[in-house]
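Quick one: the structure is below, and I'll ask about it shortly.
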Amino acid sequence: MNDTALQYVLAAIVVLPLLGAVGALLPPPPGLRGRGPDQAVLRHGVTVTGAVLVLSVVLAAGFDHDHPATMQASTDLNWIPALRIHLHLGIDGISLPLLVLTALLTFLCALYSYFHLPAGGSAKSFVALLLLLEGGTLATFSVLDLMLFFLAFETVLIPMYFLIARWGGGDRERSALRFIVYTLLGSVIMLLGLLLIGVKAGTFDMVTLATDNGSHLSHSTQLIAVLAIGLGLAVKAPMWPLHSWLPDAHTAAPTVGSVLLAGVLLKMGTYGLVRIVLPDTPGGIQTFAPYLAAFAVVGIIYGSLACLALARRGNGGDLKRLIAYSSVGHMGFVLLGIASLNPTGVNGALFANIAHGLITGLLFFLVGAIKDRYGSSDLDQLAGRGGAALYGRAPRLGGLLAFAAVASLGLPGLAGFWGEMLAMFGAFKPGADLSRPAYLTFTALAAFGTLLTAGYLLTVVRRVCMGDRETSELQPALADVKAYEFAAWTPLAALTVLAGLWPAALLGLTEPAVRSLLGGH
Amino acid sequence: MASLVQPVDWTALTPVIVPAALAVAVLVADLFLPQGRKPLLGWVTAAGLAAAALTVIPLRDGHRTTFCQPETGGGCSYAADHFTLVVQVLVLGGAALTALLSINTREKIPAGEYWFLLLSSAAGAALLPASRDLATLIVALEVTTLPAFALVGLRRDDRLAGEAALKFFLTSVTATAVSLLGISFVYAATGTLQLTAVAEGLTHTPDQLHTLARAGVALTLVGFAFKLAVAPFQFWVPDTYAGAPLPVAAYLSVVGKAAGFSGLILVTVVAFRPYAHVWGPAIGVLAALTMTVGNVGALRQRPDVPRGAVRLLAWSSIGQAGYLLVPMAAAGSADDPAHEIGTTVAYALMYAVVNLGAFAVVALVERTAPHSRLTDYRGLYASRPAAALALAFFLLCLAGLPPGVIGLFAKVAVFSSAVGAQHGWLAVIMAVNVVIALVYYLRWTALLFTAAPEPAVAADADTGAGAGAAAVRTPAGLGLAVAVTAVAGVALSGAPQLILRYAQGALL
Amino acid sequence: MNDTLDVVLRLVAVLVVFLVFPLLVGQTEHKVMAHMQGRLGPMYAGGFHGWAQLVADGVKFAQKEDIVPADADRRVFQLAPAVALLPYLLVLIAIPVGPDGFVGQTLDAGLIFVLAVMGVGVLGSLMAGWASANKFSLLGGLRTAAQLMAYELPMLLTAASVAMAAGTLSLPGILDGYHWWWTPWQLVGGVVFFTAGLAELQRPPFDMPVADSEIIFGAYTEYTGLRFALFLLAEYAGIVVLCALTTVLFLGGWHGPWSGSAGWVWTLVKTALLAFVVIWLRVSYPRLREDQLQKLAWTVLIPLSLAQIALTGVVKVVIS
Amino acid sequence: MHLAYPAVLAVLLFCVGLYGVLARRNAILVLMSVELMLNAVNLNLVAFDVWLRDTVHAGQALTLFTITIAAAEIGLGLAIVLLVFRHRGSSDVDRLTGLAEPHGGPGAPHAPDASDATPTPAADDEKAEASA
Amino acid sequence: MDYFHGYSVVGLVAVVGVLFVGVAFASGRLLRPVVPTPEKMLTYECGVDPVGGDWAHTQIRYYVYSFLYVIFAVDAIFLFPWATVFAAPGYGGATLVEMFVFIGFLAVGLLYAWKKGVLEWT
């Protein structure tokens, strides 16, 4: 397929969800009404996300896999000359997987919601927000202009806020506000950094900036820019100690919100680090990389310890909260990989990104399902004294949960393994001019973190899936995995296995792109 | 002997003359119109203001000047350059929208006087950006504000209106006096009132007059700071807005602000340019203070306070004034100050459209919920989806969040001006403020979409159906105002270049 | 040295005029009123037709006890007569009597000066009314204030009309430019000016502020002795000044046959005639109500003076 | 004449006015103080005009305008003070608290839950519309 | 210099006037008796003891006139500078028209007040 066609495909991928969001608010045309207004609009959501998924698959198919380092399907239009902002779209090996992952996860979420709409507001606004969220996320991964990146980055905030505040549970409005204030504060500071780069370098074009490798920026400018941008992205990633919004947001968010938050939104932070900070300000990140790595490792350990604490009996740990904290740990690996500043580490980070999106998305789906069935996601209430005995009461659900947990702890052969291993591998032999001993310590600590991860995940599996015979027999059997749930979850599980068994498919895409991005190091 | 009468370029003056002449016409017409025909005056006013805004089209090359003094080597007192034209479009358009807002107001306001005062004030506001000497500037400023005092106090049966007017009045009058004292000092130091000549004169001030000149500059700016409600002189704004009729509050927050800012721009960037190293940082500090005070004040608003919506918008307008000051602070240290102030103008344009839109929706809601508390907005989406969506859009524009793209990029322009002028600290403070502002804007937005509280009395729903439907019907003026602002906002969000291009070129 | 002497002489002359002319007017008023009302008037003091009546009055006033009411605002109360009186003295210096510098002092903006300073005199009445701590006085003071609103504007506008005609604000300058046909040209303005001036002086028929049958003696109720005398003096000095001003502005001042040598006579004659008219009006017309004065001012005098300005402007442009 | 006399006089006048604005509570007195300030400015402008021997007399021209502005301000100001006085029987600026920022205190409006419980007119209308 | 000279003479007249009044008062003090009694010092109200303070509430009905006056009188000052020059060579009819516009504004104001009933005593 030639590039012009791809161009349109990419543009359509970004624009279609936005149009869909507007369309969702309009009254449905006659003939598409379905059984009611809710169903019509939910169907609309599935259709649009499905179309976007198809388009992204087409894009992936049309992508020139021989040259993943070059920007493909790029469109460059002058949008706001006053601010030197261009409508510049394009994808390379780094963004393509994330794009497809986003399209996939959103589609699955739409599908899941079609059968199981969370209680809260109207279906109309739910679908509109979901599509807006998708549009923003897809735009984040496909724009090549710093300001557009920021715009897209911001676009996801509002829909996510409303998803949490309207369809969430518990202390939802507070959590939602916390989420948006944290991320917005981060992103506004990021904006300052981006502007600094743009003003000093005279362009906001990410391709040009990446090619320049920061040669037009003085070292102090780079330092300030990295600090500002890094702060914004680190909030989103989230990096310890800026993660504190995440557990609350996840706990309060509806299932679909959690899936997208963990599976897609967190990736925007790490993607930004790789896409902007690494190539544009190599001098700055060189200075800050050890600190980033240190924070990442603290995050790994902290996340795991928090999960361990939550998993223990009597602590009243919430399963969603637990997975949220585990995300902090997993994203710690991603950050560690990025901080290693060598291709191995960065590739690992990108791989871990995708893997985390798949696995944690699956995990949140499962926990949401459990919460629906038990009416609670409180571990103590679920497991009681002897365990929830999910194996006995809903064997397929239990099996899937165990599978996801094991994938998450990084069992070789599943997706979780490669990313974290490569990240640690990268940190073991960090980029030039980085302190090796420090990084060795980080690697050791990260390795210890994987052990802790295994610890809490296995505890969870034990407490939720296993249980006394009495428990399983005394309590009525639960509804097992339903068809629509199966449809929504299978692709994730399958891809987890696929990525675990054939990592080269992904690494082959990212490797050349990463090498070209790291040209300045 | 050659004619001593200055040739006057009437074409250049049309944007000022049309509203002024219309003001007199409306006043006289009001005397002879029967009571039933009075609404006509409102439409005439709105149309006239819109037409006045359109009269800048023939001037768009921006080279016209008039009231010149060639024989004394002085410049011209009136210049219709691009800066002038843009601000004129802003104030006249804003006034036209205000007129639309007021046509269907339910408050007891004497019609003829209202339109007359609105038009007079608009004429002053249109003159202000064109003034190129301090005398014209002061006169224009007063023509803008004097009718505004009366507008604020025009609801004669309301005790709060008088109080609001008095606060506004005393502050403003004191500010004028202080400004004038400053101007008299500047005049003493430079021997002229022409802005460009003042700039020239300030560079050659004799040594013994340095202190005088500096005091003059400082006093003039303090006076303007008072007028613009720049912190720490902001105290009157929330009270005045809350006490004034709603359209008047809208007018003050948009047209009054824009006019004041154009005056401040002219004074600082043109007249006091040699002292840029003094006023630049000073304005920076004021900007930081203003936006913080305004946003924190807005944040502290409780949702159940009567007229809370207007109060919130009032505090937020103080915050927004802080943002407007940022590019001017940057202009203080820029090589070409005229370049930076374009950003202020662009931001003001965005703010005008969006804020008037917000006020229009507030006016709409006030018809059914006269207390105008923030809690009255709960569930607006259920009862008036279009109005709720519009208000949400306006608020997000004000907050600078997508889909309010224009609000976002206007802020980006302001940020980049601050970053470009090495005012990083200011940019950071502004960043924090943007986040604070987000909280209250978003709270309000969220309120629109939360489920409405169930009315306790369901029985009378059937009987009151007819009356209720009548009350909910959107009056034409308000509907038009909301529609115009919403369409403008969306169009600008799609093509921000339409106004951001002013941030690019030198307007002055 | 010569200059100083010159100035001193002028000062003395002005002071003398200021002290003597009001007495003359006062005495004339006594007699004219008496004759118009078919009675004798003062006949005893000084012998011949009671010529020294006012001197006797003066002696009486000087001997009277000076009382300041206990509740009064003492300082303001005591100052008020001086404030009422002195402006007329100041005005006199600017009024030209004859050609070629026969004037106390030539002021380039004499017209403005005269109008401005005459306005100050009213303050005296206001101060008296306020400071007396008497309800009648306060009412009188307020009526004075209201009257100020009524007459000041027509006076200003008609004076502006004359200034337009002459193209200068200097009183001698106005007279220098005078032609006989100015009087019919500015006739309306002259009548308006004179009427408004009467109102300023609180002379009948515009004497509401001191209407004795309603509010005793208005602002002057509490005054006795010399201070009261000064108020009276101010009223008569006002008549002199008003008549002189009207003469200068509208009747051509010293212009007339043989004006080169006897110009000052013309001024005096015209002023005296006008003063007679003032007295005549007092005798002939009943007192207006306060609102009638306002209505007269705003619906008749001001439109008329605006029309006069328009006429002056048009004629002036046409003839130049 | 030396410039210092009018200038010093003007500054003194202005300071008296400023003191009045800051220290007086009666709105009318505040107004009068403002007039003092404006007249100080006028004095300044005229004095500077003469001192500078300004051929275009910019100072005097501005003075004329300032006088007008002052008059207009006084007219409006008195009207507003009268309006206030008529409503509350006092023209003390300190007692203008009807619009004060409603933060806490005993006079604070009712609690939010109370407002939720009572049906607002808006809610009624909405209900009416829904059933219509 | 003539400018200041003229007004210094005016100042001199003022001084003379003040002196005159001062002398009159001083000599009056010598001539007149001073016998204050409480009754004399009482406020005069037609021979009756005054009731209440002097700070009585009165409705000032003509304050609207004062507004009108202040506005008009001040506007009128613009007439004077113009009056002195408008007929000078080099100005011509245009100046006259401008002033007519100005006077027209005044007339409209008056008309407005008239129609609104401000000039009626109600």
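In this document, chain identifiers A, B, C, D and E correspond to the written order of the chains, with residue numbering beginning at 1 in each.
Rule of thumb we're sticking to: a contact is a pair of C-beta atoms (placed from the backbone, for glycine too) under 8 Å apart; a residue touches a chain by one contact, two chains touch by 3 or more.
This structure is a prediction, so every number in the text was calculated from the model and none was measured.
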Chain labels contacting chain D and also chain E: B
Where chain C and chain D overlap in contact partners, by chain label: E
Most distant chain from chain A by Cα centroid: C
Selected pair, greater C-beta contact count between A-B and C-E: C-E
CA centroid of chain A to CA centroid of chain C, Å: 94
Length of the line joining the C-alpha centres of chain A and chain D, rounded to whole Å: 57
Distance between the centres, which are taken as Cα means, of chain C and chain B, whole angstrom: 52
Distance between chain centroids, defined by C-alpha means - chain B, chain E (Å): 39
Where chain E touches two or more other chains at once, by residue number: 66, 73, 77, 88-89, 92
Where chain A touches two or more other chains, by residue: none
All chain pairs that touch each other: A-B, B-D, B-E, C-E, D-E
Residue ranges of chain A touching chain B (in the complex, touch as defined): 25, 79-83, 85, 121, 125, 132, 136, 147, 150-151, 154-155, 157-158, 161-162, 165-166, 173, 177, 180-181, 184-185, 188-189, 191-192, 195-196, 198-199, 224
Of chain B, residues touching chain E in the complex: 1-5, 24, 27-28, 31
Of chain E, residues touching chain B in the complex: 88-92, 94-95, 105, 108, 111-112, 115-116
Interface residues, chain D side, partner chain B - complex: 10, 14, 17, 21, 27, 30-31, 34, 37-38, 40-41, 44-45, 48, 51-52, 54-56, 58-59, 61-62, 65-66, 69, 72-73, 76-77, 79-81, 83-84, 86-88, 93, 96, 98-103, 109-112, 115-132
Residue ranges of chain B touching chain D (in the complex, touch as defined): 69, 72, 74, 133-135, 138-139, 142, 146, 149-150, 153, 156, 159-167, 169-170, 173-174, 176-178, 180-181, 183-185, 187-188, 191-194, 238-240, 242-243, 297, 300, 302-306, 365, 368-371, 373, 375-376, 379, 382-383, 452-453, 455-458, 460-462, 464-469, 471-472
